[in-house]
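For reference, the structures are reproduced in the following blocks.
You will see two complexes here that share chain A, one where it goes with chain B and one where it goes with chain C.
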Partner chain A sequence: MGDWAGYLTLILQGAWVTVKLTLMGSALALVVAFLAGLGRISHHAPIRWLSTAYIEFFRGTSIFVQLFWIYFVLPMTGAELTPMQAGVMALGLNVGAYGAEVVRGAILAVPRGQHEACIAVNLTRWQRLRHVILPQALPLMLPTFCNNAIELLKATSVVSLISLSDMTFQAQVVRSQTGSTLMPFVTILVLYFAMSSAISFGMRRIERRVTRGLDGVR
Partner chain B sequence: MEWDWDFAWSIMPTLLAGFRITLIATFLGAIVAAVLGLVFAILRRSSNRWLSRGTSFVVEFIRGTPLLVQLYFIFYVLPDLGLRLPALMAGVIGMGLHYATYAAEVYRGGIESVPRGQWEAARATNLTTRQTWLHVILPQAVPPMIPAMANYLLAMFKETPLLSAITVLELMNQAKSVANSSYRYVEPMTLVGVMFLIVSLLSVIALRWLERRYGRVSQ
Partner chain C sequence: MDQPIIRIQNLQKSFGTLTVIDGLNFDVAKGEKLALIGPSGSGKTTILRILMTLEGISGGRIEICGEPLYHMQRNGAEVPADEAHLHRMRRYIGMVFQHFNLFPHKSVLQNITLAPMLTKGETRAAADKRARELLDMVGLADKAGYMPSQLSGGQKQRVAIARALALQPQIMLFDEVTSALDPELVEEVLEVMKRLAAETDMTMLLVTHEMGFAHDFADRVLFFDRGRIVEQGPPKQIFTAPAEDRTKSFLRKIIAAGQRV
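Here is the complex of A and B:
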């Protein structure tokens, strides 16, 4: 039981994989959330149906099932994925579906008068969204996005089950090599908690940044 | 790889056996979560500052760490400390504990949604604490909690595949063992997905009904 430093290094390597997964997964989730969220309130019915189907499917099944499906079933149709790609894809698509509902809700929460005022001053659809709707909708989305990002961080632990060497996987390695259970699991629990605290701290700063100048409006 | 109906049909009994365990785990986990959540919510309201702060920290910690790691902790660490639990029980306790922290928030939201005037009116009419809770606060606090609770129940149901990681033979684990012995992944994995989707879609309809009946509470 002497080689603590070595085992700690192993866990920290895993922590780096977890951080990478969280960042890439969040980036994908953000893009997908806006695409599907805007798709759900689109004027074109097929786009609306497609977005709804995507959202219901990914919210209706668990991340675990989606990950296994992407990792084991997709390759049989010809799309070969590394565990990392499969992990990022499952995390991004899963959390993106939850995010899409947030985007939709926030945009619908912007008062109707704002939409009508935009039409009255003859803004194009893109200008309306970019300069009037989103600046007001974004502050409404952020608190829930923060929760979603923490859910995504927590979900990264599941990728250890498709043999991606994230923090949870490395803790299992340490457990099987040393037979010690308390040290690896307590270490990663503390690390996960530190990461989720960092996310909520960072999100609060971003929130302060985007709500600046909105005090008089709301 | 072709979809094979005969094979899909032949593995159905195994999958359904797993599905039964999934339902049992969800049901028991929900009970643990509802009771522990109430305990957390009450401790958090305690007037003893250390008790309420300590509870808040524990709740934040559990919410900030993955369920899978908590399950590993209960399944691997507790036996070393002298507490050996069967896999299913470890899973139920882990899931119950994790979702209790979410349930605690729902209880808190429900209780705080009762207007202050109701507390004051109860005091003005000289009701005892017990009467205040039973006849004034709870009847108003509980209905808005119902849709939110049902939402977390569904979320917990979807998390049950994690129990396969600690060797509980639920739906996902049955599918994996079928896949490993037959080298066919398409049918078992897809069927698991379909089963979860069917239950979730039905639950979503039930949820919409609950929301109409009892009103929506923001999480």
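Here is the complex of A and C:
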């Protein structure tokens, strides 16, 4: 039992990898979701096509395949990535594709009268989006973004395929070294749950902030 | 007569196969107060929406202050207007909507100051000062810090009028601004518009079902049916001695519905 502290350290090292992947993957997903989501409602047809192609491709193929392509096939074109970079990219691009549809849906859900009022007070397209449409669309996006972030957290375990030692991978290591299944898997169960609870809690706080003043409107 | 502030020539507008406006012509003089009346579906709201560039046109030509609204010059040729041209032309025009369309996430004051600060580069201090004057004018000086959801319909509509005025447009469009209001709130909005008409030389176009108000407010009344002007003239003539059968039958129905003319 004295070795358990050492094994726990192993799992915690894996947990740190999982946290990094989740944070950086979510950050990338957020950026990509806005780019592609806005791209899908752009006035320029090529931007619309490009965004649609990206979204359909990354939603329509499995994250396993995407990870393999990014890590093993992309280097053939000369773009060498570390496992961490490849993992963040696969997770971010995959979840970003789902997020893009959330962004698009939320923007389209803002009533047409708001767009028209913006035109009537002569705001430019960017000003309309920045000052009127997005502040009202954001509260609609957040609950789904929270789901997406938790999905991303749970998807991080696929990165062990490209030799990253994330939390699930480390639990497997501990299991094979100790022969105990219960201890490592109870530990990571608790840790995953703690991480997703942290995401939920953080998102609820953000939600409360951005919906200020909008109560009674919807 | 001076150059008209609005000139509409052979305007066409269809939605798919449905023709809403069919070869419309009319001029509006600077400072004129115009009431557009007619049965629903007659195209009167569409005209306001076209003037505000919320709908494009299918044919014809509109000039605002002598400049084409939907056309522009490029390399000596006249081409359809781009967004930058529309943006420049919108400075002349303001609009108040049936459903107010206030920005729900902004306070009353911010609703009014947002556009002047963004589009005219006014400082916050200048925009605030003017917004408070306008709120005072519409009788809502004490509501500056409120959110739109805390106001009654009539108060919202008066804020919407102040918001449009803050940009100092030369032309104001009022699209059935009292239709969404409870009856007891209609008067406070009409009162503001009457003062506006009396105290400014702004050109005003009003689509309304309030015949009594159209009668008192307008210099000229246009009666629309099926995308065309059936009859026009001073309110007294249109309301008391209409020449056309369609005008008569429309007014009869309105009076039957219990409205004072």
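In the analysis below, the second predicted complex is superposed on the first by the 213 of 218 C-alpha atoms of A that agree within 3 Å, B and C clash if a C-alpha of one lies under 4 Å from a C-alpha of the other, contacts with A are read in each partner's own complex, and residues count from 1 in each chain.
Criterion: a residue touches a chain if its C-beta (ideal position, glycine included) is under 8 Å from a C-beta of that chain, and two chains touch if they have at least 3 such contacts.
Since this is a predicted model, take the numbers as computed values, not measurements.
Aligning the two structures on chain A places chain B and chain C side by side, free of any clash. When the two structures are aligned on the shared chain, A:Gln136 is found in touch with chain C, with no touch to chain B. Ranking chain B and chain C by residues of chain A touched puts B first. Of the two partner chains placed around the shared chain by superposition, chain B is the only one that A:Leu189 touches, whereas chain C remains out of contact. Of the two partner chains, chain B is the only one touched by A:Thr61; chain C is not.
In the superposed model, A:Arg175 makes contact with chain B only, not with chain C. In the superposition on chain A, A:Ala120 makes contact with chain C only, not with chain B. Between chain B and chain C the least C-alpha distance in the superposed model amounts to 24 Å.
Once both structures are placed on chain A, no chain A residue is touched by chain B and, in the other complex, by chain C. The touching residues of chain A, when paired with chain B in their complex, are 56-57, 59-62, 64-66, 68-69, 72-73, 76-77, 150, 153-158, 160-161, 168, 171-172, 175, 181-182, 185-186, 188-189, 192-193, 196-197.
Here chain C touches chain A in the complex through residues 52-54, 83, 87, 90-91, 93-95, 97, 99, 101-107, 114-115, 118-119, 147, 149-150, 163-164, 167, going by the rule given at the top. By the touch criterion stated above, chain B contacts chain A in their complex at residues 1, 61, 63-70, 72-73, 76-77, 80-81, 158-162, 165, 172, 176, 179, 185-186, 189-190, 192-193, 196-197, 200-201, 204.
Chain A meets chain C in the complex at residues 111, 113-114, 116-117, 119-125, 127, 131-132, 135-136, 213-217.
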